[in-house]
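By letter and in written order, the chains are A, B, C and D; residue numbering begins at 1 in each of them.
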Amino acid sequence: MTRKIAILGASGYTGAELVRLIATHPEMEIVALSGDRKAGMAMAEVYPHLRHMDLPELCRIEEIDVAGVDLVFCALPHATSQAVIGALPAEVKVVDLSADFRLRDPAAYEAWYGKPHSAPELQKEAVYGLTEFYREEIRGARLVAGTGCNAATGQFILRPLIAAGVIDLDQIILDLKVAVSGAGRSLKEHLLFGELHDNVFGYSLGGRHRHLGEFDQEFSRVAGREVKIQFTPTLIPATRGILATAYVQGEAGAVHYALADAYMNEPFIKVLPFGAAPSMKDVRASNFCHIGVVEDRIPGRTIVVGTLDNLTKGSSGQAIQNANLMLGLEETAGLMAAPVYP
Amino acid sequence: MTRKIAILGASGYTGAELVRLIATHPEMEIVALSGDRKAGMAMAEVYPHLRHMDLPELCRIEEIDVAGVDLVFCALPHATSQAVIGALPAEVKVVDLSADFRLRDPAAYEAWYGKPHSAPELQKEAVYGLTEFYREEIRGARLVAGTGCNAATGQFILRPLIAAGVIDLDQIILDLKVAVSGAGRSLKEHLLFGELHDNVFGYSLGGRHRHLGEFDQEFSRVAGREVKIQFTPTLIPATRGILATAYVQGEAGAVHYALADAYMNEPFIKVLPFGAAPSMKDVRASNFCHIGVVEDRIPGRTIVVGTLDNLTKGSSGQAIQNANLMLGLEETAGLMAAPVYP
Amino acid sequence: MTRKIAILGASGYTGAELVRLIATHPEMEIVALSGDRKAGMAMAEVYPHLRHMDLPELCRIEEIDVAGVDLVFCALPHATSQAVIGALPAEVKVVDLSADFRLRDPAAYEAWYGKPHSAPELQKEAVYGLTEFYREEIRGARLVAGTGCNAATGQFILRPLIAAGVIDLDQIILDLKVAVSGAGRSLKEHLLFGELHDNVFGYSLGGRHRHLGEFDQEFSRVAGREVKIQFTPTLIPATRGILATAYVQGEAGAVHYALADAYMNEPFIKVLPFGAAPSMKDVRASNFCHIGVVEDRIPGRTIVVGTLDNLTKGSSGQAIQNANLMLGLEETAGLMAAPVYP
Amino acid sequence: MTRKIAILGASGYTGAELVRLIATHPEMEIVALSGDRKAGMAMAEVYPHLRHMDLPELCRIEEIDVAGVDLVFCALPHATSQAVIGALPAEVKVVDLSADFRLRDPAAYEAWYGKPHSAPELQKEAVYGLTEFYREEIRGARLVAGTGCNAATGQFILRPLIAAGVIDLDQIILDLKVAVSGAGRSLKEHLLFGELHDNVFGYSLGGRHRHLGEFDQEFSRVAGREVKIQFTPTLIPATRGILATAYVQGEAGAVHYALADAYMNEPFIKVLPFGAAPSMKDVRASNFCHIGVVEDRIPGRTIVVGTLDNLTKGSSGQAIQNANLMLGLEETAGLMAAPVYP
């Protein structure tokens, strides 16, 4: 039985990625697409690459009749999700791709996002959407909060190490090389081709990136004590992908074992043989995450490299993986397409 | 019933693209992969993006037992296919992705490729693999010759115009913007990142590109008289895709009608509304081809723009589309994945 | 004696390119920089690559005291130059980089730019800034109108052929591959990295690009009859450069001779040996233009390929070349830096 | 009086960059160019961007008459310089751009480069070419060893910190984002456009990169004790530039002061205001190096970001800066061209 899907905010990159993935999903059918500023347009006008699909016209959120909708993907800008999701009927399942429900603590939300949360009840209810670590809670959830794409990448390589106690919790440095689509289709000068092409630059340096809120919350939870990492994202001239380099202090063999063990049966997370490191393009346009561990020449120092596609495993693919669980479908349904290379 | 597939030459880009597409094909199973220089290696070593798949090791062609194989994709370098395919048992179906069987006339083959054909009997038997125009012959064929990727692009936009008699056959100019993967994974100086990045340059200028042999053969056949076009490919700094700009002399409305009419029921070829033109990335990593028609300010002049992904619709996707027909499967099986954008 | 220079509109790409070139110009000194929306900022804040230079702060145009200024470069948006230049004292020399004074005929201006010209007297006075063809008039001019970058590229390869009478004037097709900086630093969706990277698309197709006004004006003037060409620009994922492919009907040897002869003594225009074609990156960040001629396989058809950097030879370098003449300096002063490769 | 210059190994990227820079150098003249595999070719055939220059033909090293040559730039592959420089007359000044004379200790050389040094006498004589720190020794040197481009970047941001004693010497992590031209024009699969475009990957991970030999030598020397840093380079899809992110433990204000103080009077090294960080393209194609310091949210942790163009300040520009000193010229002669942006 096909599940009826609505996507709110379908005119952004994560919305378009949801549509792309659902195009070949065996058990999902898109019945409504919203895109306020582009309401009334065909999806093929906004995203001509979806021209071959028979899709509903973009409409305004209010125009959507959610009766009969099994699940709503909410890909709206940060801070607007709160009101919209609060207004949905309680029986509709929701996967939110914004940052609105990632942090459980209202104080933390306010600290990182600069204003109080407007739906603290929902915030309490929401399950953090890092599938591999919240699988059972997601299965029973009504509202799942998709993680930040940087936050997902960092957690995939660091959570098992923190859990296994194989690294020094006070000496974790996470250097992320980030492709541009994570910033969305927004008109900002530094996102222009002329600016970013042949260029590389850091942003939110010094611990000001909001995904640190997720790291703090999750790593402290796993460790059972406060953990604060250093996290620096650097924008690189590519469209899709995040490559994370983590500098940790711990024995490389133990680090590799902890990761290999944690992900042994995971369909999407692949740990490479000891000493090998992945390339960002190895997972492009797919729901896979590749992780490698390399021993440094300095004893006790280890480098962990992880990569995923920010729009897929880091956002819309993760959202569908969670939706599959929430709808009682096969977790991997619609997500096994191989990465696109070259 | 799953069909058993062998891929010869799996270590090149078109071989890897075949594997990628078959990864989610509902009725094909890869049973053998050859890659002579990489024999003995796991596919994941040669192409780490295929790490999640359970694939046979790369072997030498001689090691493959073709008994039980339903279809062989032959993605070997030009000129080596002839001997290899000649040595296969007559009952095995073959889709060849090289240039070896594209030209029917041995003299034309020798003129464009510089040496006599070594398997003229097979050359006679081979069906030209431009699916949309040879569908019925392909269905019954034992050996299908995949087209050149530039040749496919040019034919999709020009064949219906020649057939409909709506353009001047002596004034056809085809200017192709070509991404680099069409040249394969070969070590040539002009294919280095340092050389091609931020660069654009023509190659095989002046009518020396070998795909002209296909244009001459096919366009003359359609027209019932000799047709020679001007064709200039220009390499652009992108990985996948061909964008063709055709300058024709004919009335724009009639040109658009001829294309819209020809492709009305085609699942993969989409003709845009009159006056609109496609972008190369609209079809990336997919089997779709988008075509647009624009009227020039000079009366009687028309610009036709077409685009496809050279590795998919221009090569490996086309090959699977043909194989689907040869094996009695749904023509679109495994090929409906949406383009990857952005 | 150093000449005092003011740059109006220094916060755009052509303004920044003027500053870059003047940085090593032996006889020019920047005394004022305007940038209305960025007034009050240091140039190093707007363009950190100019950090090492000792430059005046960006100010508003009204704040500039033009007394003592020898020459003003006006790099303002189209349509705003007219008023600004009209308000300058008559003794100040001006090189305008906008489109405002390129067309001599007020009717042509209105047809291409959609509104009447507001300074028709200045329009009459302005000299068209294609240095190699208007050298003597530029030397004595008070106001020089810089050409469009596409217009410059097309004229460098076609003017000598039209003048020499070696090609069919009714069968000229100009296909331009254009890097993105020609569109400036403006916030438009199709100029985002996420959109243009790995992409190629045409724009202003069908003869709607405004630089056609310049082609019509200049080619008709050279030919002594009306000449209308077909001109299609295609945006390619690169930052700087234009590569033009012209399809002409005329004997290749005669075409090559006409070009080689026309540019024999030009310091910046280099005609390659017969049969060779240039690459776009061969002239990057320089004031050079390379031109090649290739004979087509169809008798009487010839392909001419030309390339220049749109920001340098196509705009700011050309402006300095003209300013050198107007100021009685060596024409090549400050412009002999070699292209940047790779 | 113009100095006569010979360049050995002019067919590589650093050789071509030397020629590009000397093109506008007021007091250098190229009298000989060698390029063994391309001997007999014009430089314009190997590097068409140098077409406008009047250059000697590429020849074999043996064909060069060094009598009358004031200085030789030796841009040969690693390990071949030793023999070639040993055979030059003792009175000829030499700037070597290879790795052959960077390490003073023969044992260190053998450890990092895998074979004994064949010219240990020259090795002793060679001055390490990091101009800003060896200025006086370079002025009097006969043989100067150009630094590694990664080694230069790391030293510019870390040397003053080690010298000033403001950071923990045992907790230095250097994460480099490296453009591809540092690898030269060599035919390697991972350097193909199809592989690197839209891709990012680490190399020589875990402390295996040879430039660590230079870091060990220099940092230990500055500190007066052994210093070993962690250093990981990541290849990014750009042509020119290195952006270094250093993670250090020390008070950010002291770090910024140490850098600002060290480079206060340096013409090429620019320290940004506290809290700002540079972008890689801010120095492209120039001899400048920009450095920024950002305080982390974790007290006592500081991030230092530095950037330079690997081919210019990291290699050929540095070489000319050193040659200027050796020849008694102005140190900045020929090197003040502004970076090329965008």
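Quick note on the criterion: a residue touches a chain if its C-beta (ideal position, glycine included) is under 8 Å from a C-beta of that chain, and two chains touch if they have at least 3 such contacts.
Predicted, not measured: the structure shown is a model, and the values here were computed from it.
Common neighbours of subunit A and subunit B under the contact definition above: C, D. Note on connectivity: the fewest chain-to-chain touch steps from subunit A to subunit D number 1.
Among the remaining chains, the Cα-based centre furthest from that of subunit C is the centre of A.
Annotation: 39 Å between the Cα-based centres of subunit B and subunit C. With each centre defined as the average position of its C-alpha atoms, the distance from subunit B to subunit D rounds to 45 Å.
For this pair, subunit C with subunit D, the centres built from the Cα atoms lie 35 Å apart.
In subunit A, the residues that reach two or more other chains under the touch definition are 13, 181, 185, 194-195, 197-198, 237-240, 278-279, 281, 284, 342. Within the complex formed with subunit A, the subunit C residues making contact are 13, 180-181, 183, 185, 187-189, 191-198, 237-239.
Per the touch definition, subunit B reaches subunit C in the complex via residues 171, 173, 175, 177, 179, 194-195, 197-202, 205-208, 212, 228, 230, 232, 234, 236-241, 243, 245, 247, 275, 277-281, 284, 294-298, 301, 303, 305, 342.
Across the interface of their complex, subunit A is touched by residues 13, 16, 19-20, 23-24, 47-53, 181, 185, 197-198, 239-240, 267-268, 270, 272, 278-279, 281-286, 288, 290, 336-342 of subunit B.
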